[in-house]
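The following pair of complexes shares a single chain, chain A, combined with chain B in the former and chain C in the latter.
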Partner chain A sequence: MAEKLEDLNLPLTVVTRIVKEALPSGVSISKEARTGLAKAASVFVLYVTSAATNIVRNKKRKALTGQDVIDAMKDIEFDRFVEPLGEALEHYKTMASARKSASMKKKDEQEDTEVIEDDWILLRLEFKMYSGA
Partner chain B sequence: MATPKSEKDLHLPLSRVKTIMKSSPDVEAVGPEPLYLVTKVTELFVMDLAKRAHKNSNANFLEYKHIADIVQEDDTLDFLREIMPRKITVRQFKEMMAKKAAKNGDDSSEDSSEDSSEDSSSNNEQE
Partner chain C sequence: MSEEECHEDVDISDITEHSESYLENEHLKFALTEATEADNNKLEFELNSEEQVHEKKQKTEVIRSTKLPIARIKNIMKMDPDVNIVSSDAVFLVTKATEMFLETIVKETYAFTSSNKRKVISKKDLELVIDKVDCLCFLEGAMDF
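On to the complex of A and B.
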(Lines of atoms letter the chains of each structure in order from A and count residues from 1; the text may use other names and numbers.)
(Lines give C-alpha, C1' and ligand atoms only; values in the text may rest on other atoms or scores of the structure.)
Protein backbone atom coordinates (compact mmCIF):
# COMPACT_ATOMS: atom_id res chain seq x y z
CA MET A 1 0.00 0.00 0.00
CA ALA A 2 2.57 2.55 -1.13
CA GLU A 3 0.91 5.95 -1.35
CA LYS A 4 3.04 8.93 -2.15
CA LEU A 5 2.59 11.56 0.49
CA GLU A 6 1.12 14.06 -1.94
CA ASP A 7 -1.62 11.58 -2.80
CA LEU A 8 -3.05 12.08 0.64
CA ASN A 9 -3.30 15.83 0.08
CA LEU A 10 -6.12 17.51 -1.74
CA PRO A 11 -5.09 19.89 -4.53
CA LEU A 12 -4.56 23.39 -3.21
CA THR A 13 -5.98 25.05 -6.32
CA VAL A 14 -9.26 23.19 -5.95
CA VAL A 15 -9.53 23.99 -2.24
CA THR A 16 -8.84 27.65 -3.04
CA ARG A 17 -11.62 27.65 -5.59
CA ILE A 18 -14.08 26.18 -3.10
CA VAL A 19 -13.12 28.76 -0.48
CA LYS A 20 -13.41 31.66 -2.92
CA GLU A 21 -16.86 30.56 -3.94
CA ALA A 22 -17.94 30.39 -0.32
CA LEU A 23 -16.69 33.82 0.67
CA PRO A 24 -17.76 37.24 -0.60
CA SER A 25 -15.67 38.58 -3.46
CA GLY A 26 -12.73 40.75 -2.51
CA VAL A 27 -11.67 38.61 0.43
CA SER A 28 -8.06 37.50 0.19
CA ILE A 29 -6.80 34.37 1.84
CA SER A 30 -3.25 33.83 3.02
CA LYS A 31 -1.33 30.89 1.64
CA GLU A 32 -1.03 29.46 5.10
CA ALA A 33 -4.78 29.61 5.57
CA ARG A 34 -5.34 27.84 2.27
CA THR A 35 -2.82 25.14 3.06
CA GLY A 36 -4.36 24.73 6.49
CA LEU A 37 -7.82 24.30 5.00
CA ALA A 38 -6.54 21.77 2.48
CA LYS A 39 -4.95 19.72 5.25
CA ALA A 40 -8.08 20.05 7.36
CA ALA A 41 -10.10 18.73 4.44
CA SER A 42 -7.88 15.65 4.12
CA VAL A 43 -8.15 14.94 7.82
CA PHE A 44 -11.89 15.44 7.60
CA VAL A 45 -12.13 12.79 4.87
CA LEU A 46 -10.40 10.34 7.18
CA TYR A 47 -12.56 11.36 10.11
CA VAL A 48 -15.81 10.87 8.21
CA THR A 49 -14.58 7.61 6.70
CA SER A 50 -13.71 6.28 10.11
CA ALA A 51 -17.10 7.28 11.56
CA ALA A 52 -18.99 5.76 8.63
CA THR A 53 -16.92 2.58 8.79
CA ASN A 54 -17.81 2.22 12.47
CA ILE A 55 -21.48 2.42 11.60
CA VAL A 56 -21.11 -0.22 8.93
CA ARG A 57 -19.25 -2.56 11.24
CA ASN A 58 -21.83 -2.14 14.00
CA LYS A 59 -24.50 -3.13 11.53
CA LYS A 60 -22.43 -6.17 10.56
CA ARG A 61 -22.16 -5.06 6.97
CA LYS A 62 -19.04 -4.60 4.90
CA ALA A 63 -19.74 -2.17 2.10
CA LEU A 64 -20.21 1.52 2.84
CA THR A 65 -23.36 3.11 1.55
CA GLY A 66 -24.31 6.73 1.08
CA GLN A 67 -26.74 6.49 3.98
CA ASP A 68 -23.91 5.38 6.28
CA VAL A 69 -22.07 8.59 5.46
CA ILE A 70 -25.19 10.60 6.32
CA ASP A 71 -25.71 8.71 9.58
CA ALA A 72 -22.07 9.32 10.48
CA MET A 73 -22.76 13.07 10.49
CA LYS A 74 -24.87 12.72 13.60
CA ASP A 75 -22.16 10.71 15.36
CA ILE A 76 -19.54 13.37 14.72
CA GLU A 77 -21.92 16.23 15.58
CA PHE A 78 -22.16 17.69 12.13
CA ASP A 79 -25.95 17.52 12.05
CA ARG A 80 -26.03 20.63 9.90
CA PHE A 81 -24.76 18.55 6.99
CA VAL A 82 -27.46 15.89 7.22
CA GLU A 83 -30.03 17.73 5.13
CA PRO A 84 -27.73 18.92 2.30
CA LEU A 85 -26.24 15.44 2.11
CA GLY A 86 -29.71 13.94 1.89
CA GLU A 87 -30.38 16.17 -1.11
CA ALA A 88 -27.01 15.27 -2.61
CA LEU A 89 -27.82 11.58 -2.26
CA GLU A 90 -31.15 12.06 -4.05
CA HIS A 91 -29.41 14.00 -6.77
CA TYR A 92 -26.75 11.31 -7.10
CA LYS A 93 -29.35 8.54 -7.39
CA THR A 94 -31.22 10.48 -10.07
CA MET A 95 -28.00 11.01 -12.03
CA ALA A 96 -27.03 7.36 -11.63
CA SER A 97 -30.37 6.01 -12.84
CA ALA A 98 -30.46 8.50 -15.73
CA ARG A 99 -27.01 7.32 -16.77
CA LYS A 100 -28.11 3.73 -16.46
CA SER A 101 -31.21 4.17 -18.61
CA ALA A 102 -29.20 6.15 -21.15
CA SER A 103 -26.67 3.36 -21.50
CA MET A 104 -29.44 0.75 -21.61
CA LYS A 105 -31.16 2.77 -24.33
CA LYS A 106 -27.89 2.86 -26.24
CA LYS A 107 -27.57 -0.90 -25.82
CA ASP A 108 -31.12 -1.41 -27.13
CA GLU A 109 -30.37 0.77 -30.14
CA GLN A 110 -27.26 -1.25 -30.90
CA GLU A 111 -29.25 -4.48 -30.69
CA ASP A 112 -31.91 -3.04 -33.00
CA THR A 113 -29.22 -2.25 -35.53
CA GLU A 114 -27.82 -5.75 -35.38
CA VAL A 115 -31.28 -7.24 -35.78
CA ILE A 116 -31.97 -5.08 -38.83
CA GLU A 117 -28.65 -6.06 -40.37
CA ASP A 118 -29.36 -9.73 -39.76
CA ASP A 119 -32.77 -9.38 -41.43
CA TRP A 120 -31.15 -7.64 -44.39
CA ILE A 121 -28.63 -10.43 -44.84
CA LEU A 122 -31.39 -13.02 -44.65
CA LEU A 123 -33.45 -11.12 -47.23
CA ARG A 124 -30.52 -11.00 -49.61
CA LEU A 125 -29.89 -14.70 -49.19
CA GLU A 126 -33.53 -15.51 -49.86
CA PHE A 127 -33.48 -13.30 -52.90
CA LYS A 128 -30.44 -15.08 -54.23
CA MET A 129 -32.11 -18.44 -53.71
CA TYR A 130 -35.33 -17.43 -55.46
CA SER A 131 -33.57 -15.81 -58.31
CA GLY A 132 -31.89 -19.10 -58.95
CA ALA A 133 -28.39 -17.79 -58.63
CA MET B 1 -26.04 17.14 -26.11
CA ALA B 2 -24.37 19.53 -23.67
CA THR B 3 -25.01 18.84 -20.01
CA PRO B 4 -25.26 22.09 -18.05
CA LYS B 5 -22.86 22.16 -15.12
CA SER B 6 -25.08 22.41 -12.05
CA GLU B 7 -23.89 23.62 -8.68
CA LYS B 8 -24.12 20.04 -7.53
CA ASP B 9 -21.08 19.00 -9.54
CA LEU B 10 -18.07 18.34 -7.38
CA HIS B 11 -14.82 20.27 -7.33
CA LEU B 12 -12.60 17.86 -5.41
CA PRO B 13 -11.14 14.97 -7.43
CA LEU B 14 -12.94 11.73 -6.61
CA SER B 15 -9.84 9.61 -7.18
CA ARG B 16 -7.83 11.55 -4.61
CA VAL B 17 -10.62 11.38 -2.03
CA LYS B 18 -10.85 7.66 -2.67
CA THR B 19 -7.10 7.27 -2.06
CA ILE B 20 -7.42 9.02 1.27
CA MET B 21 -10.42 6.94 2.27
CA LYS B 22 -8.62 3.72 1.42
CA SER B 23 -5.65 4.70 3.56
CA SER B 24 -7.96 4.37 6.56
CA PRO B 25 -7.71 1.03 8.34
CA ASP B 26 -10.69 -1.33 8.17
CA VAL B 27 -12.01 0.24 5.00
CA GLU B 28 -12.91 -2.32 2.40
CA ALA B 29 -14.41 -1.42 -0.93
CA VAL B 30 -15.44 2.20 -1.48
CA GLY B 31 -18.34 2.36 -3.90
CA PRO B 32 -19.21 5.39 -6.02
CA GLU B 33 -22.19 6.41 -3.90
CA PRO B 34 -20.40 6.82 -0.54
CA LEU B 35 -17.41 8.29 -2.37
CA TYR B 36 -19.64 10.95 -3.88
CA LEU B 37 -21.12 11.85 -0.50
CA VAL B 38 -17.79 11.95 1.33
CA THR B 39 -16.43 14.24 -1.37
CA LYS B 40 -19.54 16.39 -1.18
CA VAL B 41 -19.50 16.71 2.60
CA THR B 42 -15.79 17.55 2.58
CA GLU B 43 -16.52 20.44 0.25
CA LEU B 44 -19.33 21.57 2.55
CA PHE B 45 -16.95 21.33 5.48
CA VAL B 46 -14.29 23.48 3.82
CA MET B 47 -16.89 26.13 2.93
CA ASP B 48 -18.31 26.05 6.44
CA LEU B 49 -14.93 26.38 8.13
CA ALA B 50 -13.83 29.13 5.76
CA LYS B 51 -17.01 31.12 6.39
CA ARG B 52 -16.66 30.80 10.15
CA ALA B 53 -13.02 31.82 10.03
CA HIS B 54 -13.92 34.81 7.91
CA LYS B 55 -16.53 35.92 10.45
CA ASN B 56 -13.85 35.53 13.05
CA SER B 57 -11.53 37.82 11.11
CA ASN B 58 -13.66 40.97 10.89
CA ALA B 59 -11.68 42.00 7.84
CA ASN B 60 -11.17 41.15 4.22
CA PHE B 61 -8.07 39.14 4.86
CA LEU B 62 -8.39 35.58 6.03
CA GLU B 63 -5.36 34.29 7.88
CA TYR B 64 -4.30 30.99 9.40
CA LYS B 65 -4.87 32.22 12.92
CA HIS B 66 -8.55 32.89 12.23
CA ILE B 67 -8.98 29.24 11.41
CA ALA B 68 -6.78 28.00 14.25
CA ASP B 69 -8.83 29.99 16.75
CA ILE B 70 -12.05 28.35 15.64
CA VAL B 71 -10.47 24.91 15.76
CA GLN B 72 -9.14 25.41 19.25
CA GLU B 73 -12.42 26.77 20.57
CA ASP B 74 -14.94 24.40 18.98
CA ASP B 75 -14.98 20.92 20.46
CA THR B 76 -16.52 19.37 17.37
CA LEU B 77 -13.26 20.31 15.63
CA ASP B 78 -11.15 18.44 18.15
CA PHE B 79 -9.93 16.12 15.40
CA LEU B 80 -8.13 19.09 13.82
CA ARG B 81 -6.39 20.37 16.90
CA GLU B 82 -3.12 18.57 16.32
CA ILE B 83 -2.70 19.74 12.76
CA MET B 84 -3.88 23.29 13.34
CA PRO B 85 -2.27 24.51 16.51
CA ARG B 86 -2.33 28.14 17.45
CA LYS B 87 0.96 29.76 16.66
CA ILE B 88 2.74 31.91 19.16
CA THR B 89 5.66 34.28 18.89
CA VAL B 90 9.06 33.46 20.33
CA ARG B 91 8.47 36.15 22.94
CA GLN B 92 5.22 34.56 24.05
CA PHE B 93 6.96 31.20 24.20
CA LYS B 94 9.72 32.60 26.38
CA GLU B 95 7.17 34.18 28.65
CA MET B 96 5.38 30.85 28.99
CA MET B 97 8.63 29.08 29.79
CA ALA B 98 9.59 31.76 32.29
CA LYS B 99 6.26 31.39 34.04
CA LYS B 100 6.71 27.65 34.21
CA ALA B 101 10.23 27.96 35.52
CA ALA B 102 9.12 30.47 38.14
CA LYS B 103 6.41 28.08 39.27
CA ASN B 104 8.92 25.25 39.56
CA GLY B 105 11.29 27.60 41.31
CA ASP B 106 8.75 27.89 44.15
CA ASP B 107 9.07 24.19 44.82
CA SER B 108 12.83 23.98 44.54
CA SER B 109 15.63 26.28 45.54
CA GLU B 110 16.92 26.75 42.03
CA ASP B 111 17.52 30.19 40.73
CA SER B 112 15.22 30.34 37.79
CA SER B 113 15.72 33.85 36.54
CA GLU B 114 16.31 33.93 32.83
CA ASP B 115 18.42 36.19 30.79
CA SER B 116 15.67 37.92 28.90
CA SER B 117 17.25 39.39 25.86
CA GLU B 118 14.30 39.38 23.53
CA ASP B 119 14.70 40.87 20.15
CA SER B 120 11.52 42.49 18.95
CA SER B 121 11.82 41.05 15.48
CA SER B 122 11.71 37.47 16.65
CA ASN B 123 8.59 35.88 15.39
CA ASN B 124 8.17 32.23 14.58
CA GLU B 125 5.01 32.66 12.56
CA GLN B 126 5.60 31.38 9.07
CA GLU B 127 4.49 33.73 6.33
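On to the complex of A and C.
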Protein backbone atom coordinates (compact mmCIF):
# COMPACT_ATOMS: atom_id res chain seq x y z
CA MET A 1 0.00 0.00 0.00
CA ALA A 2 1.68 3.21 -1.16
CA GLU A 3 1.30 5.89 1.45
CA LYS A 4 1.64 9.31 -0.13
CA LEU A 5 2.72 12.07 2.21
CA GLU A 6 0.15 14.48 0.74
CA ASP A 7 -2.66 12.21 1.86
CA LEU A 8 -1.72 12.74 5.48
CA ASN A 9 -2.10 16.49 5.16
CA LEU A 10 -5.36 18.36 5.27
CA PRO A 11 -5.91 21.14 2.72
CA LEU A 12 -4.17 24.29 3.93
CA THR A 13 -6.85 26.63 2.57
CA VAL A 14 -9.62 24.92 4.53
CA VAL A 15 -7.55 24.83 7.71
CA THR A 16 -6.78 28.54 7.30
CA ARG A 17 -10.46 29.35 6.83
CA ILE A 18 -11.54 27.42 9.94
CA VAL A 19 -8.81 29.03 12.00
CA LYS A 20 -9.45 32.57 10.76
CA GLU A 21 -13.14 32.31 11.61
CA ALA A 22 -12.21 31.43 15.18
CA LEU A 23 -10.03 34.49 15.57
CA PRO A 24 -10.91 38.17 15.90
CA SER A 25 -10.45 40.29 12.78
CA GLY A 26 -7.04 41.82 12.23
CA VAL A 27 -5.17 38.76 13.44
CA SER A 28 -3.03 36.88 10.96
CA ILE A 29 -1.15 33.62 11.03
CA SER A 30 2.34 33.01 9.71
CA LYS A 31 2.76 30.46 6.93
CA GLU A 32 4.75 28.18 9.22
CA ALA A 33 2.10 28.35 11.89
CA ARG A 34 -0.58 27.46 9.32
CA THR A 35 1.37 24.40 8.21
CA GLY A 36 1.87 23.54 11.87
CA LEU A 37 -1.86 23.76 12.53
CA ALA A 38 -2.69 21.54 9.56
CA LYS A 39 -0.17 19.01 10.76
CA ALA A 40 -1.52 19.19 14.31
CA ALA A 41 -4.98 18.48 12.94
CA SER A 42 -3.75 15.35 11.13
CA VAL A 43 -2.03 14.14 14.28
CA PHE A 44 -5.26 14.79 16.17
CA VAL A 45 -7.18 12.58 13.73
CA LEU A 46 -4.73 9.73 14.32
CA TYR A 47 -4.84 10.32 18.07
CA VAL A 48 -8.65 10.20 18.23
CA THR A 49 -8.75 7.16 15.97
CA SER A 50 -6.28 5.34 18.17
CA ALA A 51 -8.24 6.16 21.33
CA ALA A 52 -11.54 5.13 19.71
CA THR A 53 -10.03 1.90 18.37
CA ASN A 54 -8.91 1.03 21.89
CA ILE A 55 -12.46 1.43 23.14
CA VAL A 56 -13.77 -0.79 20.34
CA ARG A 57 -11.17 -3.44 21.07
CA ASN A 58 -11.95 -3.41 24.80
CA LYS A 59 -15.61 -3.93 24.05
CA LYS A 60 -14.67 -6.78 21.70
CA ARG A 61 -16.41 -5.20 18.74
CA LYS A 62 -15.09 -4.61 15.24
CA ALA A 63 -16.81 -1.57 13.83
CA LEU A 64 -15.85 1.92 14.95
CA THR A 65 -19.03 3.92 15.50
CA GLY A 66 -19.84 7.54 16.23
CA GLN A 67 -20.48 6.76 19.90
CA ASP A 68 -16.96 5.34 20.21
CA VAL A 69 -15.58 8.63 18.93
CA ILE A 70 -17.56 10.53 21.55
CA ASP A 71 -16.38 8.17 24.30
CA ALA A 72 -12.80 8.63 23.10
CA MET A 73 -13.07 12.38 23.72
CA LYS A 74 -13.30 11.71 27.44
CA ASP A 75 -10.19 9.52 27.31
CA ILE A 76 -8.11 12.13 25.53
CA GLU A 77 -9.13 14.96 27.89
CA PHE A 78 -11.36 16.74 25.39
CA ASP A 79 -14.48 16.43 27.56
CA ARG A 80 -15.81 19.75 26.35
CA PHE A 81 -16.28 18.23 22.89
CA VAL A 82 -18.63 15.53 24.18
CA GLU A 83 -21.81 17.61 24.20
CA PRO A 84 -21.47 19.35 20.82
CA LEU A 85 -20.43 16.10 19.19
CA GLY A 86 -23.44 14.37 20.71
CA GLU A 87 -25.70 16.98 19.13
CA ALA A 88 -23.87 16.67 15.82
CA LEU A 89 -24.39 12.91 15.87
CA GLU A 90 -28.13 13.32 16.47
CA HIS A 91 -28.43 15.72 13.55
CA TYR A 92 -26.36 13.45 11.34
CA LYS A 93 -28.64 10.51 12.08
CA THR A 94 -31.75 12.61 11.45
CA MET A 95 -30.34 13.85 8.14
CA ALA A 96 -29.36 10.33 7.10
CA SER A 97 -32.83 8.93 7.76
CA ALA A 98 -34.46 11.95 6.13
CA ARG A 99 -32.35 11.46 3.02
CA LYS A 100 -33.29 7.81 2.94
CA SER A 101 -37.01 8.49 3.21
CA ALA A 102 -36.71 11.31 0.66
CA SER A 103 -35.18 8.98 -1.90
CA MET A 104 -37.93 6.44 -1.23
CA LYS A 105 -40.57 9.18 -1.49
CA LYS A 106 -39.08 10.32 -4.78
CA LYS A 107 -39.48 6.81 -6.10
CA ASP A 108 -43.15 6.81 -5.03
CA GLU A 109 -43.70 10.24 -6.56
CA GLN A 110 -42.30 9.11 -9.87
CA GLU A 111 -44.78 6.28 -9.93
CA ASP A 112 -47.61 8.67 -9.00
CA THR A 113 -46.77 11.05 -11.86
CA GLU A 114 -46.97 8.21 -14.32
CA VAL A 115 -50.45 7.32 -13.09
CA ILE A 116 -51.60 10.95 -13.28
CA GLU A 117 -50.31 11.28 -16.81
CA ASP A 118 -52.23 8.22 -17.87
CA ASP A 119 -55.42 9.63 -16.35
CA TRP A 120 -54.85 12.94 -18.16
CA ILE A 121 -54.49 11.22 -21.49
CA LEU A 122 -57.71 9.30 -20.86
CA LEU A 123 -59.56 12.50 -19.96
CA ARG A 124 -58.46 14.23 -23.14
CA LEU A 125 -59.55 11.29 -25.21
CA GLU A 126 -62.95 11.34 -23.54
CA PHE A 127 -63.31 15.06 -24.14
CA LYS A 128 -62.48 14.66 -27.78
CA MET A 129 -65.11 11.98 -28.13
CA TYR A 130 -67.82 14.09 -26.48
CA SER A 131 -66.96 17.33 -28.26
CA GLY A 132 -66.88 15.45 -31.56
CA ALA A 133 -70.42 14.17 -31.01
CA MET B 1 -92.10 47.98 0.61
CA SER B 2 -92.68 51.63 -0.22
CA GLU B 3 -90.05 52.63 2.26
CA GLU B 4 -87.58 50.52 0.51
CA GLU B 5 -88.39 52.15 -2.81
CA CYS B 6 -87.81 55.61 -1.36
CA HIS B 7 -84.32 54.75 -0.37
CA GLU B 8 -81.65 55.42 -2.87
CA ASP B 9 -79.82 52.50 -4.16
CA VAL B 10 -76.64 52.55 -2.29
CA ASP B 11 -73.84 50.81 -3.89
CA ILE B 12 -71.88 48.88 -1.35
CA SER B 13 -68.66 49.80 -3.09
CA ASP B 14 -69.20 53.47 -2.30
CA ILE B 15 -69.28 52.70 1.36
CA THR B 16 -66.25 50.51 1.28
CA GLU B 17 -64.26 52.98 -0.79
CA HIS B 18 -64.94 55.78 1.60
CA SER B 19 -64.25 53.73 4.62
CA GLU B 20 -60.98 52.57 3.12
CA SER B 21 -59.73 56.08 2.52
CA TYR B 22 -60.96 57.08 5.96
CA LEU B 23 -59.04 54.28 7.51
CA GLU B 24 -55.99 55.13 5.44
CA ASN B 25 -56.01 58.70 6.67
CA GLU B 26 -56.41 57.65 10.23
CA HIS B 27 -53.64 55.16 9.76
CA LEU B 28 -51.40 57.83 8.27
CA LYS B 29 -52.09 60.20 11.13
CA PHE B 30 -51.31 57.52 13.60
CA ALA B 31 -48.25 56.52 11.68
CA LEU B 32 -46.91 60.08 11.50
CA THR B 33 -47.26 60.71 15.18
CA GLU B 34 -45.82 57.39 16.21
CA ALA B 35 -43.38 57.25 13.32
CA THR B 36 -40.00 57.84 14.87
CA GLU B 37 -40.54 55.69 17.92
CA ALA B 38 -42.14 52.84 16.03
CA ASP B 39 -39.50 52.94 13.34
CA ASN B 40 -36.72 52.79 15.86
CA ASN B 41 -38.34 49.93 17.69
CA LYS B 42 -39.08 48.14 14.45
CA LEU B 43 -35.52 48.62 13.25
CA GLU B 44 -34.14 47.29 16.51
CA PHE B 45 -36.51 44.39 16.41
CA GLU B 46 -35.57 43.64 12.80
CA LEU B 47 -31.88 43.81 13.60
CA ASN B 48 -32.30 41.55 16.60
CA SER B 49 -34.37 39.04 14.75
CA GLU B 50 -31.94 39.13 11.84
CA GLU B 51 -29.10 38.48 14.24
CA GLN B 52 -31.05 35.69 15.82
CA VAL B 53 -31.78 34.15 12.45
CA HIS B 54 -28.14 34.50 11.46
CA GLU B 55 -26.98 32.99 14.74
CA LYS B 56 -29.47 30.18 14.50
CA LYS B 57 -28.40 29.55 10.90
CA GLN B 58 -24.79 29.52 11.98
CA LYS B 59 -25.57 27.13 14.78
CA THR B 60 -27.37 24.70 12.51
CA GLU B 61 -24.59 25.07 9.97
CA VAL B 62 -22.03 24.26 12.62
CA ILE B 63 -23.90 21.18 13.58
CA ARG B 64 -24.83 19.87 10.18
CA SER B 65 -21.96 20.43 7.80
CA THR B 66 -18.24 19.94 7.84
CA LYS B 67 -15.57 22.08 6.27
CA LEU B 68 -12.77 19.54 6.18
CA PRO B 69 -12.90 16.86 3.47
CA ILE B 70 -14.41 13.72 4.96
CA ALA B 71 -12.68 11.44 2.46
CA ARG B 72 -9.23 12.74 3.42
CA ILE B 73 -9.96 12.24 7.12
CA LYS B 74 -11.15 8.71 6.40
CA ASN B 75 -7.83 7.98 4.64
CA ILE B 76 -5.86 9.23 7.62
CA MET B 77 -7.94 7.06 9.96
CA LYS B 78 -7.33 4.01 7.80
CA MET B 79 -3.58 4.45 8.23
CA ASP B 80 -3.98 3.04 11.73
CA PRO B 81 -3.30 -0.70 11.35
CA ASP B 82 -5.73 -1.58 14.15
CA VAL B 83 -8.63 0.01 12.33
CA ASN B 84 -11.03 -2.39 10.60
CA ILE B 85 -14.48 -1.06 9.80
CA VAL B 86 -15.28 2.60 10.35
CA SER B 87 -18.89 3.74 10.20
CA SER B 88 -19.74 6.91 8.27
CA ASP B 89 -21.00 8.66 11.38
CA ALA B 90 -17.65 7.97 13.07
CA VAL B 91 -15.77 9.65 10.21
CA PHE B 92 -18.22 12.55 10.33
CA LEU B 93 -17.66 13.00 14.07
CA VAL B 94 -13.88 12.81 13.77
CA THR B 95 -14.09 15.51 11.09
CA LYS B 96 -16.25 17.69 13.32
CA ALA B 97 -13.97 17.05 16.32
CA THR B 98 -10.92 18.03 14.27
CA GLU B 99 -12.57 21.30 13.28
CA MET B 100 -13.40 22.00 16.91
CA PHE B 101 -9.84 21.08 17.86
CA LEU B 102 -8.46 23.59 15.36
CA GLU B 103 -10.66 26.34 16.78
CA THR B 104 -9.57 25.46 20.31
CA ILE B 105 -5.86 25.31 19.65
CA VAL B 106 -5.76 28.51 17.65
CA LYS B 107 -7.66 30.41 20.34
CA GLU B 108 -5.24 29.15 22.99
CA THR B 109 -2.31 30.10 20.77
CA TYR B 110 -3.73 33.55 20.17
CA ALA B 111 -3.86 34.10 23.92
CA PHE B 112 -0.08 33.76 23.95
CA THR B 113 0.36 35.92 20.89
CA SER B 114 -1.76 38.76 22.20
CA SER B 115 -0.12 38.61 25.63
CA ASN B 116 3.09 39.50 23.81
CA LYS B 117 1.22 42.35 22.09
CA ARG B 118 1.59 40.81 18.66
CA LYS B 119 -1.05 40.24 16.03
CA VAL B 120 0.63 37.56 13.97
CA ILE B 121 0.51 34.02 15.28
CA SER B 122 3.88 32.38 14.80
CA LYS B 123 5.06 28.79 14.92
CA LYS B 124 6.79 29.59 18.22
CA ASP B 125 3.47 30.50 19.81
CA LEU B 126 2.12 27.14 18.71
CA GLU B 127 5.10 25.31 20.19
CA LEU B 128 4.64 27.16 23.47
CA VAL B 129 1.00 26.19 23.69
CA ILE B 130 1.73 22.53 22.95
CA ASP B 131 4.25 22.62 25.77
CA LYS B 132 2.03 24.35 28.29
CA VAL B 133 -1.45 22.91 27.74
CA ASP B 134 -1.89 19.40 29.19
CA CYS B 135 -4.38 17.98 26.72
CA LEU B 136 -2.09 18.96 23.81
CA CYS B 137 0.80 16.78 24.95
CA PHE B 138 0.12 14.33 22.10
CA LEU B 139 1.47 17.02 19.76
CA GLU B 140 4.96 16.93 21.26
CA GLY B 141 7.47 16.86 18.45
CA ALA B 142 4.82 17.50 15.80
CA MET B 143 6.25 20.96 15.14
CA ASP B 144 9.69 19.62 14.20
CA PHE B 145 9.58 20.29 10.49
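We adopt the following convention: the second predicted complex is superposed on the first by the 109 of 133 C-alpha atoms of A that agree within 3 Å, B and C clash if a C-alpha of one lies under 4 Å from a C-alpha of the other, contacts with A are read in each partner's own complex, and residues count from 1 in each chain.
One rule holds in what follows: contacts are C-beta pairs under 8 Å (C-beta built on N, C-alpha and C of every residue); 3 or more make two chains touch, one makes a residue touch a chain.
Given the structure is predicted, the values throughout are model-derived calculations rather than measurements.
With the two structures aligned on chain A, chain B clashes with chain C.
Legend: residue contacts after superposition of the two complexes on their common chain; A:Leu89 is shown touching both chain B and chain C.
Of the two partner chains placed by the overlay, chain B and chain C both lie in contact with A:Val69. After overlaying the two complexes on the shared chain, residue contacts for A:Ile55 are found with neither chain B nor chain C. On chain A, the patch touched by chain B and the patch touched by chain C overlap at residues 3, 7-8, 10-11, 14-15, 17-19, 21-23, 26-30, 32-33, 36-37, 39-50, 52-53, 57, 62-66, 68-70, 73, 76-78, 81, 84-85, 88-89, 91-93, 96. Across the complex, chain A is touched by residues 8, 11-13, 16-17, 19-21, 23-24, 26-34, 36-38, 40-51, 53-54, 60-64, 66-68, 71, 76, 79-80, 83-84, 126-127 of chain B. Those residues of chain A lying in contact with chain C across their complex are 3, 7-8, 10-11, 14-15, 17-19, 21-23, 26-30, 32-33, 35-37, 39-50, 52-53, 57, 62-66, 68-70, 73, 76-78, 81, 84-85, 87-89, 91-93, 95-96.
Every residue of chain A that touches chain B in the complex is listed here, in rising order: 1, 3, 7-11, 14-15, 17-19, 21-23, 26-33, 36-37, 39-50, 52-53, 57, 62-66, 68-70, 73, 76-78, 80-81, 84-85, 88-89, 91-93, 96. Within the complex formed with chain A, the residues of chain C that make contact are 60, 63-64, 67-69, 72-73, 75-77, 79-80, 82-90, 92-94, 96-103, 105-107, 109-110, 113, 119-123, 125-126, 130, 134-135, 138-139, 142-143, 145.
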